[in-house]
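Working notes, beginning with the structure itself.
Should a chain be cited, it is by its letter among A, B, C and D, assigned in written order, with residues numbered from 1 in that chain.
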Amino acid sequence: MSVFTIEAGLAFLGLVLLLVEAFKPDICRRTLGLMAIAGTALALVLFVFAKHDTASLPGFMQPWHQLDTLALFYKGFALVITILVLWLTLECAPYLTRFTVDGKLAEMFSLPLIVCAGMMWMASARDLVTVFVSLELVTVSFYVLVAFARKSAFSLEAGVKYLILGALSTGVLVYGIAWIYGATGTMSFDGIAKALANPATNKTAALFGAAILLCGLGFKVAAAPFHMWVPDVYQGAPTPVTAFLSVGSKAAGFVVLTRALDAFLVENSIIGTEIQSLLLVAGSLTALLGSLPAMFQTSVKRLLAYSSISHAGYLLLALACRESPRFDLSSGGVVAFYLATYLPMTVLGFLGLGLMRANGLGEDIKDFAGLAKRNPLLALLMTVSFASLAGLPLTAGFLGKLFVFLGLADHGYWGALSCAIIAAATGFYYYFKTVLAMFTTEGTDAPALKLSSATRAVAGLLAVAILVLGVYPKPLQKLLKPASATMAARN
Amino acid sequence: MPASIILLLPFFSALVILLGHRQLKGAAVLISVGSSIIAFLASLVFLATDDDNKLLLPFIDVAHFHAGIDVLIDKQSRGMMFIVSFIGMLVHIFSLGYMKDDEAKPRFFGALSLFMFSMTGIVLAGNLIMMFIFWELVGLSSYLLIGHWYQKASAAEACKKAFLTNRIGDFGFMIGILLLLGANAGNVNLLDLKTAFESGPLRPEAPGYSAGFTTVAALCIFLGAVGKSAQFPLHVWLPDAMEGPTPVSALIHAATMVAAGVYMLVRVSFLVAASPLAAEIIAGIGCITALMAALMATQQNDIKRVLAYSTLSQLGYMVMAVGAVAMAAKHGHGPEAPDPGHPAMFHLYTHAFFKAMLFLGSGAVIYACHHEQDIWKMGGLRKHMPVTFYTFAIGTAALMGFPWLTSGFYSKEAVLDAAFNSGWRVLFIGGAVTAALTAFYMTRLLIVAFMGKPRTDSAHHAQEAPMVMILPLTILAIFSIFSAWDGFANSLQALKPSHINAPGEGHTVLIASLIALIAGAGGAIFLYRGKDKDPVSIKLFANKFYFDEIYAVIVRVCQDRVAWIVTALERVFVDGIIARLPSAIVARLGAATRMLQGGHLQGYTFLLGGGVIAVIYLVVFVLPRMGN
Amino acid sequence: MITLGHYLVVSGMLFALGLAGVIARRNIIIVYMCLEMMLSAANLALVGFSRFHLVHGLPDYTAQSLVFFTITVAAAEVAVGLAIIVALFRSKQSVDVESVTKLQG
Amino acid sequence: MSVLEIIIALPLLAALAIWLGAPAHATSLGATLLNLLIVLVTTVQYAGKAATGLAFTYSRPILDNPSLSFAVGADGVSLILALLTTLVMLAAIWQIQDRPAIFYVSSLLIGGGALGAFLTTDVFFIYAFHELALIPTFLMIALHGRAEPAQRKAVAWKATIYLGAGSLVLLAGLAWVVLEFSGGSKLTFDLEALRNQAKLTPLADAKQAQIFFVLLLGFGSLVSLFPFHSWAAPAYATAPTPVAMLHSGVLKKFGLYGLIRIALPLLPQGPHVEWVQNALLLMLLGNILVMGLVTIHAHRLDDTLANSSVMHMGYIFLGIAAGSDIALKGAVVLMFAHGISIALLFGLCGRMRNQLGTLEYNKLGGLATHAPAFTVLFAFGAFASIGLPGLTNFAGEVMIFVGSFTDFKAGVMSNLQWTVILALWGVVMSAVYMLRAYRNIFHGSPTTGLFMIDPAFSQRVPFIMLATTLLVTGCCPWLLLNLMKSAL
C-alpha cells in the first residue's frame, strides 16, 4: 500500500465522519471521537508498514511528491500528534461542548484528520504548488477549528484574528512564490536550488522573492516579527486546537521552511549569506520576543503560547546553522529532532491545562496552586513537562537546545548564541513560576483532582517519552540520520 | 620514644576528657593529672636522650612539600621540655586544690591536657609548619582556659580578644613561613633552614640574595612571636587573659605559652642573625614592651594584673635579649667561641619557675580571700598564710633580681649584659630602668598585700592554703633560688650563657642593676609602707597608656565601620549591577515587548505589513551591501 | 510594447494597495476584500512571469496552474472566513476590527 | 555495571520509592547509610590500588555522533567528593524531624544529583546531574524556606535565575570546549577523550584563556564567585536546614570540581594567562576580603554562616588560581573540609532556629550552660572554618598557601603571592566573625526566655559523625591525599 493511499484515506475518513454527524445527529460524540482515533491509529500502523520510497507513489504524483526520510518522519509526526489531539479533544469534550452550537463536536473530530492529511502532504512536497495547496488545506481547516467554540467570545476573537492575519500571510506567501518563480523560472525546490547556484540568476529578484516567501512562512511558524497572532490565537482557541497549532501547524511550517531553506541555502547560493543572516536575526529576535513578555503572563495557556514562540526562535537558529561535518544531524535533522522532543512536552502541558479545565478550574497560574496536593501524579508529570520546556538536562528539551547551541557555537554565531542564552535563562523564570505554583501549599483547600486511568496512562506515557528521549535519544537520532545523509547527498 | 609519649599522652587524655567528661566525671581529673605526671617523668628521661631529628607522624606529603610531625631534639628542646612538663605537672597538682569546687572541673582539666599537648608540640617542632600547627593549638587551649568561666562577660571577651590578637600575630607568622618556604624550595625544617641561611642558597653571598627579603621574613616570623609573647603593640590581650583561673595564668600566661614566642625566636635565631635591621627592631620592641609594661604595673591594684604586667615586662626583656644577642654578634661583641647559652632562654628558664610560683602564690591568696583580687582589700596576710608569704617573697626577690642569691639575678644580668654589648646604649638604659621599676612594683605588691593589717573581712579570715597547693609553691620556691646554679642548670640543660658570672666590661652592668634594685625597692618601701590606699595616682599608667581604648576605636572604625560600608556597597553595587540591574532591564524589556501585543487587529496587521517591508529592506538593500 | 515590468508594477501596486487597505480599514469585510486583492496581485505577477518565461516558445504553465489553485483556495477561504465573520457579527453586532480586543498582553 | 552506578542510583531510587509511598524516614536513612558504606568500601578499594587515574569505569553509549554515553568513573578527587556527599547526605537526612516527605525526597535528589555529577565522566551527564539537583533546591527554598512566602519566593527566584543563567553560560563554555577538543571527525562529550585531545593538540594560550574565562564565569557563579555571589547568602539563610546543608556543603562544590576536573586539564594554561589570572585573583579577593567584611557585619547566625560560606570559596579559587599540584590538592581537601564543616554548622543552626525561634545575636547568649554537647559540636564547626590545625580546613588552606609559593623567588613577589598575603588576612577576619558569633551565642550568661537543651543522643549522631570526620581527616590529611597520588 502506498503512503499516498493512506493520506487520501485519512482525508476521506474525515469527510465520512462529517457526513455521519450530519446524517445521524444523535450519535454519541465519544463514539465519533473513538472512530477518528481508531482511524488515525490504523493509518499510523499502515504507515509504518507501507512502502517508504518515492517509487511506490503513483507515477503522476512523483514530480510533486517525495518520500525521503524527512518526509516520512514528519508524516509519522503528524499522525501521532493528530491522535493525541483527538484524544485531548475527548478529554476536553465536557467543557468544550458548552461553547459549541448545540453542544456538538463533529468537526472537532473530522477536521483534524483532514489537517493531518494536509500536513502529511506538506511533508512530501517538492514543489511550491504542492506546498501552497497543502498549506492552505491545513490553514483553512484551522480557521474553523480555532473559532470552533463559537459561543466563547475568546474563541471567536481568536478565530477572527487568525483568519485575517492568516489570509494576509497567505497573500504574502503567494506573492513571494510568484517572485521566486519569476527569478528562477521554476516551482520545484530542486529547480530553485539549481537556479540559485547559477550566478547568472538575478540576485535582487531572487532575494526579493525569497524574503517575501520567508515572511509568509515565518507567519506560519511564528517567527518574529510575524508572531503577534500567536498569543491571542493560542489563548482563545480551544485547548486541543492550541496544542495542534503549537505542535502540528508549527511542525508543518518548519518542514516547508526546511525544504525552502535547503533550496535557498544550497551550496554557492547567490542569496545564501543574506538569507542566513536574516535567519540569525529573526531567530534571535523570535527567541527573545517569545521569552521576555512571557515573564509577566498570568495565564498558563498564554504563557505556553509565548514559550512556543521562543521555541520557534531556537528552531530558526538551528536552521541558520548549516551542516557541520562533525555533527550527524543536519540543520533539518536538528529541527526534526527538536520538534520530536517538543511534541511530548507541549502536548503534556496542554493536556494538563485541558484536565484543569475539564475539572472546572481556570488556566491561570494561581489556579495551579496546590496541584501537588490535589493530584501528586499530575503535578509530577506537569513538572516533567515544564522542566523539559525550560530545557533542563535529562529531559528531552535539553538535548534539542544543546544541539542548537552546539551548532551556533560551532559556526561562531556568538551574538545569536547570547540571545538564545538570555531567552533560555528567562525561560527558567516563567516555567518555574508555574511549577512553583503547583507545589505551593498555602491557601489551597480545593478538592482532589481525579484522573481516569486512560488519562493517567497517556500522560504518563508522554512524560516517560520526555525522560527517555532525554537520556536515550539514540533511536530518534537513528530515525533522522538517513534524513541528513540523503540531504547531504542531494546537496 | 619519650618524645612520642610526651606528645601523644596529653593528646589522648584531652580527647578522652573533652569527648567523654559526662561519663568520666571525677576520673577525668585523674586522667589529666596522671598523664601530666607521666609526661614529666618522660621528660626527665628525655633529658638524657641524644640529639635527633626524626619523623613521628605523617601529616601532609605532596610533591616537594613535606610537613610531618617531626621532632627536633637538641639542648634547647630538652631543656624547654623539662620546664613545660615540670611546671605543667605542678600546676595540675595545684589545680586539684584550686578548682576543687568548680562544676566544670573535667572541662578545665581536659583543656589543660590539650594545652600540654600543644605546648609539647611547639617545643619539639622540627619544622615551621608543625610549629605553626601547635602554635595555633596553644592559642585554642588558651582560649578555652581563659574562657573557662564563660558566663562572665569579661572572661568571654577576654578569651576572644586573646585568640584574635594571636591571630594577627599568626598572620605574620604564616607569611614568614610561606616566604621561607618559597625561598627554600618547600623545606622549612629548622635544621635545613639553618644550613640554608648559613651556607646554602640563602646566605648573603649566594646569587639572588636579597637583604630586604631576609629582613621581611624575619620580621614576619617575629610578628608571630609578638602575638604569642604579647609584645608591644599586641600586648593587650595578656592582662585580660587573667580572667582565666589562676593556675592557668601561672602555666600558660606566665611560664610557658607566652614564652613560646621567645623560644621560637631562639629557634630561628639564625634568621634574626641574618638581618641586622630585624635584630634591631626586635630588640627595640622588646625594650619598649619591657619598659612600658613595667610602668603600667606600678599602678595596678589587682594582684594578678600586677603579675601579668610584670610578665609582659619580663617577656620584653627576653625578646630584647634575642635582638641584642644578634646585634652583638654583628658588632663583634659576641663570645669568641659559639656559646651554647642564650640569655633569652636562660631568663625564660628562671622566669618560668619564679613567675609560675608567684602566680600560684597569688592563686593561693585569692583562694584564701574568697576570690578577692584587689591588693588594697588584702593586707596582713603574712601572719595568716606564712608559707605562701615566704614563697611569694622568694619569688619577688627572684623577680627583682636580688643579687647573688636568687636565680633571677643571674638571668637578668645575662640579659642586661647582652643589651650592654648590643651597641645600642638605649637598650641597656631601658633594661636598667625596667629593673628599677620591677623592684618598685613588686615591693609595692608585697608590702600592700602581705604587710600591715588586714583591710577587709576576707583578708582577716584568710587561711593557709591546703597541701596540694602549698607543695607546688614550695618546690617552685626552691627552684627560684637554685635553678641558676651550675649544677642545676647544667643537668636541666638550661641555656645558661657561659660568661655570666664574669662580666667582661668592668662592672658597669652589675653596678647599674644594684642601683636599680635599691632605688626601686627603696622607693616602694618609702611610699607604701603602712599606707591603706595608693598615695600615687598616675592615670596614664593605671589606664595602660589607653591602649585598649585606642584599639577599641581602631576596631570600631577600621573594622565595624568599614564592614558596614562595604556591606552597603556590596548590596548597592555588586548586587545592584550584577543582579538587580540586568533583571530590571529584562523586566522592562519584557513589559515593553508585551506592549506590542495590544490585542488590536489593526496593530497586528500594521506590524505584519511593516515586518514584511522591514525584512525586504533588510534582505534586499542592507545585507547585500554589508558584503558578508 | 507591454513588458514584464509593466505587469509587475501593476501587481506591486495592487499588492501595496491591498496591504494598505488591510492595515487601514476598520471594517472586517473590507479588510477581507483587500486581502483578496493581494491574492489577485500575486496572481497577476504569476501570470505575468509565466507569460514571459517561455519554454520551447510557449509560456510555462506551472505558474498558471498555481493561479487556479490560488483562486480555488481563495474561494474556500472566503467561505470559511465569511462564516466566521457572520458569527462574529451575530455575537457582537459589529464587524469593526476594534470589537475583538479582549485577548491581549 | 559499575559500583558507581549503584551509588548514583540508590538515592534516586529511594526518592522515587518515597514519592510512591514508601516510609520516608526509614527508606531514606537506610539508603544513605548503605550508600555511605558502599562509597567507603569503594574509596578504600581505590586507595588500596595504585590510587591513580580513573577506576570503576563503565560506559553505556547513548549517541554515536555527537558521541555521548552514560560513562561513570572515579578518581581520588571524585571519590573524596562522593564521600563528602554521602556523609553530608546522611547527616542532613538524619537530622530531619517531623517534616513532610518532600524534605526527604529533595535531600535524596540533591545528594543523588551531586553524586551523579561527581561520578560520571561524560561532560553531558556531569552537567545534567548538577541541574537535576538544582530543582529540588529551588523548590524547597521557595516552599519551605524560613521566611514569609513572598520573601522566600523572591530569594528562591534570585538563586534560581542566577544559577540558571550561570548554568547556561557554563553550557556555552562546555559547548565551546566540546567543539574545540573533539578532534576532527566527531563531537564527543567524553571527558577522557577530550583530555586526550587536549594533550595531543593544546590550544594557543590566548584561546585557552578565553575559554577558561567563560568556564570560570559559568562554574564561578555556581560557586558564588565574587561578584556573582549575591544569591548565595540569602538562599542559605532562607533554605530549609537539609537543603542548606546539602547545597552549601556539597552541591556548591560542583563548580569547583568542574574547574578542577574539566577546565584545568583541558586548558592548563588558561588560568595562567595574565588577564585571566588577574581577573580571577581580583574576584577571589572580593570573595575573601569583601565578603569577609560583609560577614563581620552580619547580625544573625544564619547570615554569618551563609556569608562565610561565600567567603571561604575564595580560598578554593586561590588554589585553582595557583594551579600547582600542591595547591590543587589543597583545594580538593578544602572542598571536602568546607563541605563537612559548613554542613555541620548549618545543621546546628537549623536546630537552634527550631528550638529558639531566633538567631539574632543580641537576643542570644549563654547557650553553653544548658547545651554543652551542642556547644562542643558547634565549636568543631566554627573552629574548623576558622582554620584551626587539627581540623581538615587547616590542611587544605595551608596546602593552598604553600602551593602558591612554590615558584617563589626571594625578593620578587608575583601577583598571586601578594594575593595570598591579602587572603591570609581573611583568616584573621574569619576568626573575628566566628568568635564573635560563638561568644554571642554560647558565652555569657543565659538569656531569660531563650532556653535550649542538648538534643537527644540519637539526634546528635549525625553531627558527631561530621565532627569526627573533621577531626580524623584534620589530624591525618594524608588519608585524603593518599587518594590523589598522581598529580592533578
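Simple rule for what comes next: a residue touches a chain if its C-beta (ideal position, glycine included) is under 8 Å from a C-beta of that chain, and two chains touch if they have at least 3 such contacts.
What you are looking at is a predicted structure, and each value in this text was computed from that prediction instead of being measured.
*Asks:* B-D versus B-C: which interface comes out with more C-beta contact pairs?
*Replies:* Of B-D and B-C, it is B-D that has more C-beta pairs in contact.
*Asks:* Go ahead and note the Å separation of the Cα centroids belonging to chain C and chain D.
*Replies:* Averaging C-alpha atoms per chain gives centres 64 Å apart.
*Asks:* Based only on mean CA positions, could you tell me how far chain B sits from chain D in angstrom?
*Replies:* 35
*Asks:* Distance from the CA centroid of chain B to that of chain C, rounded to the nearest Å?
*Replies:* The computed centroid separation for chain B versus chain C comes out at 95 Å.
*Asks:* Rounded to the nearest whole Å, what is the centre-to-centre distance of chain A and chain B, using the mean of the C-alpha atoms as each centre?
*Replies:* 76
*Asks:* Where in chain C do residues touch two or more other chains at once?
*Replies:* Residue numbers touching two or more other chains: 19, 22, 28, 31, 97, 100-105.
*Asks:* Where in chain A do residues touch two or more of the other chains?
*Replies:* Each of 160-161, 164, 168, 172, 231-232, 293, 296 in chain A touches at least two other chains.
*Asks:* Multi-chain contacts only, two chains or more: what residues does chain D have there?
*Replies:* In chain D, the residues touching two or more other chains are 161.
*Asks:* Between which chains is there touch?
*Replies:* Applying the touch criterion to every chain pair yields A-B, A-C, A-D, B-C, B-D.
*Asks:* For a test of understanding, state which residues of chain D touch chain B in their complex under the given definition.
*Replies:* So the residues of chain D touching chain B come out as 158, 161-162, 226-231, 286, 290-291, 293-294, 296-297, 324-326, 329, 366, 368-369, 373, 376, 383, 388-390, 394-395, 398-399, 401-411, 417, 420-421, 424-425, 427-428, 431-432, 435-436, 439, 442-446, 476-478, 481, 487.
*Asks:* Any idea which chain B residues touch chain C in the complex?
*Replies:* Within the complex, chain B touches chain C at residues 594, 597-602, 605-606, 609, 612.
*Asks:* Touching residues of chain A toward chain D in the complex: what are they?
*Replies:* 325-328, 376, 380, 387, 392-394, 398, 402, 405-406, 409-410, 417, 421, 424-425, 428-429, 432, 435-436, 439-442, 471-474, 477
*Asks:* Write out the stretch or stretches of chain D touching chain A in their complex.
*Replies:* Per the touch definition, chain D meets chain A at residues 19, 61-66, 70, 102, 124, 127-129, 131-132, 135, 138-139, 142-143, 149, 153, 156-157, 160-161, 164-165, 168-169, 171-172, 175-176, 178-179, 182, 184-187.
*Asks:* Once bound in the complex, which stretches of chain C touch chain A?
*Replies:* Residues 4, 8, 11, 15, 18-19, 22, 28, 31-32, 35, 38-39, 41-43, 45-46, 48-50, 53, 60, 62-63, 65-66, 69-70, 73, 76-77, 80-81, 84-85, 87-88, 91, 97, 100-105 of chain C touch chain A in their complex.
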